[in-house]
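First subunit A sits with subunit B, and in the next complex the same chain sits with subunit C.
Right after this comes the complex of A and B.
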């Protein structure tokens, strides 16, 4: 009981901080053309490698400085957020849909369904995930939909493993047996009785997966295999920053802080949601 | 019973590897780009293209290609790299030691950091020290190796430049090595100047890989230590006059370590998976770095070879951990 109360007390500020950052970043991304101080693609060699606002040599209007082509860093980060959030939501929901469905089937029905699905999960777990993602995008061709598909194809197993275990536990409970005796068909029981009980885990995993998807997208654009257009991405900015690290550290520091805050927020948000939904902790 | 368990695991391992081979093969063969076109100079005739396609077996059906490739793999023939024009197995074996050394150093660091944090946290349970360890491990766990790598590059490569952030060894050094296990061989040859140079290059990528795993070890081991510390035999040791640290090290650790062990196995495969991007980040000349180049160059035989070697490594680690668990767990040993 003590631990539950401690966990509950910690939920408030964590949830607010994490949610606050995500909301801020999301709104900035949605309204990027209105919020960004500069055109993220505009190059100006007169303005190359300007430092951030508090250092000498900074230019007004270029708050976080510029990169080696004179492009405004803050505007590129804001526009890069668009790709990051689209990938986060789309890839996480796709992975969730596939993984949770298969996990629910494997856990609830057991038997052959479980054996086949578990064997596929085993095979998937034997792939190095980053290499698998890079390979898939290379095969599918660069582009937003390829990135989303690649992440979903790789990460569905995260949902599948957890939901399978939970569904297996739920299906042994009395209420499922009662529903069966009451004459409900098995798919009906799975959807009406078992599914609602695994939703808290799904929601928590979903939030976690969004953070992972943001990272994978950054990794893919870091190796230049994400979207093929000139649109800025967080990973692309990091790749530029890695190259000019000794001349312009800010090009690496600011996207890195953005990524860390976003990933931490998604995972904290997921944990807080889980604590809120979890009947034991509640 | 142990033997039976081993044989069943061996069989599932073979099935998993076959599955990996099928998946890689299918994924690669649906690739729209033509690797042959990239190998030939402009102006090559159709006959040239056809000859090269036949040479690499690309003119057969996909099922035929798969079984030709698989029968080669079983005999240790992984084919020829298209971009480097060398034997794939030779290329892989040339790079694998670098990755294994990096992963091993990272694993040792993760166990050392995580283990220390767990013991300290269990000893100081309920205090601010434990709370601090919890926050540190929670943060270390939430941030993936890719981002840790970048943080370390900024901190110790640029802000305080004490470590190297690029490569495996300083290029100006004369290397007397006959194997690719540079670190291991430098120690055997008592060339500690080279060992130090290698470690200086390896330290930061290894820490980046180790931190998330260290966090998991610290959380799980601390939890099991705290459970064991309330058991009768531990209380008895305390009554006998052992200090809390002695109690943990002599009595509790042995029994608390078992659940952590199984988890470390799976997590170690994640760590090895992480070497792909971390090696890229630090321009470390390992297998993962070569894998990314292979993908970018559409070098199908090389990609297949590397992925299969990674998969083999993963299932072997899982098998080893499973067997160790069976050997160490008294209930399974005498069952």
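Right after this comes the complex of A and C.
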């Protein structure tokens, strides 16, 4: 019991910091029209490359400055968060569903099911992921759903490999054998006995995957293969910022910080959640 | 019914590489009787238990012999019927009480699940039954235990829970696979006493797998001595200890440490005896062909 208490305390600040940032970013994204100080698409060449608020020459209402077309950077980041979060949730859940299901089957049943699934994973992993994503989007056409599908198609293997290994370890435990003796059918054992014990890992991976999905979406935006160019995306803003790095560094730096904080928070949040979900650590 | 509770006839099993792990094992357990299966590690005692319960690892293949559970030939049943039969009439008391309980589920549902899902009892009846069994294994605070996760209980408590679970469905046969090995000595004694007590009250037959001759003497009426997957001696427990017939049994007894002389150095089993046995088994393997399969 004492050990559990200590583990819980250690988990605290990580969970709150990471969760706090994600909640803030998520709420800002959901209520973007209310929260954003400016129209993210409004261009005003009189206001181009305004610096952030603490530097001389800053305009009130343009907290993080403007880009080379005079658009408000903060508003663009907030609206860009919408796409980032939609992609993060949808792609991560899709990848999780496919990968975890196949991983659970491969790990629990073993034998030929495992051989087939593992070979597919091996082949899949041989593709360089980002190039694979770019290729997929190029084939599917740009757009939100293509980006989500591309990320899910690439990253299900991540879930599959980890959950397979976990399920395999759990399947060797005596409680699974005991359930066999009691007369449970195999699928029942997989779902009722094995699955609950791999859920903590699934949760951690899911959160990690959301961070990865944000990065991949940013990369796709960066190479202009994501959503239509009108909607602001973090990757798109970074790509624009790169062009004006010498005149307006903030256009590159702020979206990068936002991206890094979000991805880091997702992974930390996942780790903390895993500790929470794990009955032995709870 | 006059049938044996468990009757194993000429059971042989091999590994994938053809190595024999069980060598024409025959043994029977009468209703309500405790049969000890004793041998050193690797002798195949656990393998026999797993074979009976239908959970042999996939690397082990049974090549001859029959197993009859209350007169029903397990080998002739369809897999599903066999599972149902084994599930309804047998139970396992495992060696390691930690890994035998699902770490992410509370004790209560884990215990009642089997009665409800497999035997079709009502939740209420299952709950009452589990509480009765917890009382029989002298767990005084069933509410706390039923709500606990396995890691929140001590090893002794977990083993009590598993004993209660094993007896809950009134099986005809329980396989106890070294149920006290993972526990410390003081707890071992209590657990052995509990198993004996419940076994008498419920009239359950037990196949008791152990390497500990002291435990054999305390708990069993019959004993089979196993060496390298072969039954080398079979007798009433009292008769075995009074006058062991086989050389290996005698060597095993001579190697058992005594509390009366705790500072005597530990003796290994006599090597000449083992060499003789190994030669005998090698000869038998040369001549052996599975009768079917």
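As a working rule, the second predicted complex is superposed on the first by the 268 of 282 C-alpha atoms of A that agree within 3 Å, B and C clash if a C-alpha of one lies under 4 Å from a C-alpha of the other, contacts with A are read in each partner's own complex, and residues count from 1 in each chain.
Convention: a residue touches a chain if its C-beta (ideal position, glycine included) is under 8 Å from a C-beta of that chain, and two chains touch if they have at least 3 such contacts.
Worth saying up front: this structure is predicted, and the values here are computed from it rather than measured.
In the superposed model, A:223 makes contact with subunit B only, not with subunit C.
In the superposition on chain A, A:247 makes contact with neither subunit B nor subunit C.
Counted by residues of subunit A touched, the larger count belongs to B, out of subunit B and subunit C. Residue contacts after overlaying the shared chain place A:183 against subunit C, while subunit B stays out of touching range. By the touch criterion stated above, A:145 is placed in contact with neither subunit B nor subunit C. Residue contacts after overlaying the shared chain place A:43 against neither subunit B nor subunit C.
Using the contact criterion defined above for the overlaid structures, shared-chain residue A:256 touches subunit B, although it does not reach subunit C.
Judged by the document's definition of touching, no subunit A residue lies at the interface with subunit B and also at the interface with subunit C. Touching subunit A in their complex are the following residues of subunit B: 12, 15-17, 19-20, 23-24, 27-28, 30-32, 139, 142-144, 146-147, 150-151, 153-154, 157-158, 269, 272-274, 276-277, 280-281, 288, 291-292, 295-296, 298, 303, 306-307, 310-311, 314-315. If you check the complex, the residues on subunit A that touch subunit C are 1, 110-111, 173-175, 177-178, 180-184, 188, 192-193, 196-197, 199, 279-280, 282.
Subunit A makes touch with subunit B in their complex at residues 119-120, 122-123, 125-132, 134-136, 138-139, 141, 211-212, 215, 218-219, 222-225, 238, 242, 245-246, 249, 252-253, 256, 259-260, 263-264, 267-268. Subunit C contributes residues 53-55, 58, 83-84, 86-88, 90-92, 94-96, 99-105, 113-114, 117-118, 149, 151-152 to its touches with subunit A in the complex.
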